[in-house]
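Order of writing sets the labels: A, B and C. Residues in every chain begin at 1.
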Amino acid sequence: MERKLLEVRNLHVRYNTDEAVVYALNGLDIDLEKGETLGLVGETGAGKTTLALSIMQLLPQKVGQITGGSILYDEKELLKFSVKDMLALRGDKISMIFQDPMTSLNPVMSVGDQISEVLEQHFPELSKEQKSEKIDEIMNMVGIPSSRKVEYPHQFSGGMKQRIVIAMALIAEPDLLIADEPTTALDVTIQAQILELIRQLKVKFNSAMILISHDLGVVAEVCDNVAIMYAGEVIEYGPIETVYLKKDNHPYTRGLFNSLPELTRNVDRLEPIMGYMVDPTNLPAGCSFAARCDRCMDICISKKPPVFSDGAHSIKCYLYQHWADK
Amino acid sequence: MVWFRFKKNKLAMIGLVLLLIMVAAILAAPLFVDEKAVSAQKIMNRFQKPGGAHIFGTDQFGRDLFARIIYGGRISLFAGLAVVCISFIVGCSLGGAAGYFGGLVDTVIMRVVDMLMAIPAMLLSMAVVAALGPGVDKLIIALSIAQIPRFTRVVRASILSLRNQEFVEAAKCCGTNSARIILKHILPNGMGPVIVSATLTLGQVIINIASLGFLGIGVSSPTPEWGTILSENKINIRYYPYLGIIPGICIGLSVMAVNFIGDGLRDALDPRTKN
Amino acid sequence: MTTPLIETKGLKKYFNTPGGSLHAVDNVDLKISSGETLGVVGESGCGKSTLGRTILRLVDATAGEVLYDGQNILNFSQQQMRDVRMNMQMIFQDPFTSLNPRLSVGEIIADPIEVSRTVRGRREIREKVRELMDVCGLPERYVNTYPHELDGGRRQRIGMARALALNPKFIVCDEPVSALDVSIQAQILNLLMDLQQSKGLSYMFITHNLCVVRHISNRIMVMYMGNVVEVASRDDLFSHPTHPYTKALLSAIPTTDLSRRNSARQILKGEVANPVDPKPGCRFNPRCPYATKSCQEQQTLKEIASGHYVACSVFAG
């Protein structure tokens, strides 16, 4: 079997705020193989961004605290990395694309200089000409004429800025790319462009990717596997083809699908998930979705469900208890 | 509700108690010090150390410092508060109108304010006092005029950022008139920085009164006032430090008290503040 | 034919910018009948929000007419306007900036009632607020809480209760669910549809989300850079999209339907420009894969089927 690129095991993260302790991640597991694209779907407060920041070791200091579990990158424990090791890893082996292209670029530096900054950090041995050549190459690759590298971020539109952010993330040819809602701030037609670009570049660079999104549709467009998150846990994981069959799903995933108006499905009424997101400062003893679940059983309230798997498809829900016997 | 939240803020309560004590002492001054003591000179008694017959000691002319401080507070504290109140109210109205209506109203108000701001506050006050003549009331007017531009600017800026908020549009949708929109929806949300700026202004104003007194405009010796006391004793401070320390503490304490109250007020008025 | 509840004729809103005149809304004609939902779709900067605000007179129109019940409200005096406003309300996109953070939930909902004096007396107002909260699915215990203590879904319910406080006939919904999570979005959409049914409301539903607009609208209007490019009934638009922009928009939607996953999709080149001093002719033409010479001329909406209008010289020539 191929070596895993990333293995997150039983990760617990909490935020210590003045008023309360927010339990952001509660025993989260994910695996990622080389070249694989994993979609991470969940609503506000599910812990998607916390996971990304934990992997990058960029949790807000003092407030964010990893209280348990491990993050193995290429079989090395990231949580034991020194600050210096982490610096070398970030951008070089793992890089990240943030949601808002408007704020993730420095407004007073030309885009060429910003890309070149990344190069300097990770390839100090390159000559000026080599650098400039590399920058031209990556800019053409993301669809921006390299003549525009002397321009400043405000001269670009939102979609163009996101292309530049992608160029910066990819220039060091990372093994793992974490994209946190890369298209949320963009219009649909621009989103389609960027998703197409991501798809092409993924093939070209063969890097693994974690795509964080609240949009089930976006994930279906580019990912191989999908992990559905709720209250800091992965409650369902599987290949896109299996999960999106909409046959065997966690009640939460089913709720998400049913809440979504679709282009090809005519319904008079949507079936929303009842209630609201569970309070992350006060998690229940049993399944955290129990209070909103229409198929909740007694055991769900008293005991946290373990993972039940059917092949590559796994679900954290007692409804799939019979899978354990397989 | 506002009072309840204000009460919970320890510093604000300390500030309030402190200010109340000072105000009470100043108001009740005739009960324990004869007003004549303010300017009664006794050369024999000069430079008495604090304690004994003279709680705060005496100055170079043998005048009782306690009497001078407590009567001087009438001008320093009350005139200071009056200036802050007047410039606060006028500044809020002008800044509110400029920020909310925009266009011509804004241009006219702001250009006038800019002109006033171009002249240093001290110079402006001096000019106004010179034109109006001496007297505490005129001093208050002069200092207010000098402070108004500052408030106008702060208020206008905070209103500009709120004017296009969706909740203001929602209020317009219901046919709410401009006065109600400004008073109920915009000003309460933009008050934070204005209140802080007001409390800081008080300290500035007390010192301005003193400076004007020192220059011989406005309140001048022998009428006591904290700043004047400080300035008339400045040559002796080196050997008799209490002459500088005591009025200094008075100015400092009152500014601090008002600052605490201002911070507390700002937080208490904002329901988003954590309880 | 009955008069439509809302009608605009040649409505224009230009903004003066340092770069020139920005044609945010240009020559928009629309009709909304009683009890109907008109969906307005387009990307950011297409003028859909400005259109909604111009109709409600939150911004002043540059030219054209807005007819409410057959009367041009753009000529109305402040007094007349106050009466009309009660019938026209708005629900906003951002549940965080659309509620005054200094007021409690009860005060926010009571505000329009106090302003309009439709209900008088403290107890009566409180009763009305309670009723509105109940209609919008807000438990009574929230009456004294402040908006920042509630989540987006509940806050959006407050915004709806406030809009309903004056018993309006017409509501402009400006992206009311865009800022919400999917599961909450569905709750709010259902609530909007229930309210429409029970109170006979008309909506102008502004959104960039085609799936949502398809779910809630009777008719849909597609806008591009201030112009209307296509208007049709919901089913017509989705089964026979005609304008190249509509087609591209439909094809760009990511879907959870895997059968569509690998179907060839059409990806538009370029991005939306700002309509500052636009040239005459179709504004979509620089990005349009079918552009011809005739696109340089002024485009008007032409009826290609009953109730289906398209402004395109190539496909509706």
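Keep this in mind: a residue touches a chain if its C-beta (ideal position, glycine included) is under 8 Å from a C-beta of that chain, and two chains touch if they have at least 3 such contacts.
Remember, predicted model here, so these are calculated numbers, not experimental data.
In terms of the distance between Cα centroids, chain A is separated most widely from B. Counting C-beta pairs in contact, the chain pair with the largest number is A-C. Here the CA centre of chain B is 50 Å from the CA centre of chain C.
Between the CA-based centres of chain A and chain B the separation comes to 54 Å, rounded to the whole angstrom.
In whole angstrom, the spacing between the mean C-alpha positions of chain A and chain C is 32. Touching chain A in their complex are the following residues of chain C: 43-44, 151-154, 181-187, 189-190, 193, 208, 210-212, 214-216, 238, 248-258, 260-261, 265, 267-268, 271-272. Across the complex, chain C meets chain B through its residues 53, 56, 58, 81-82, 85-86, 88-90, 92-94, 97-104, 111-112, 115-116, 146, 148, 159, 162-163, 165-166.
Per the touch definition, chain B reaches chain C in the complex via residues 165-167, 169-176, 180, 184-185, 188-189, 269-272.
Of all residues in chain A, only 43-44, 157-160, 187-193, 195-196, 214-218, 220-221, 240-241, 244-245, 255-264, 267, 269-273, 276-277 touch chain C in the complex they form.
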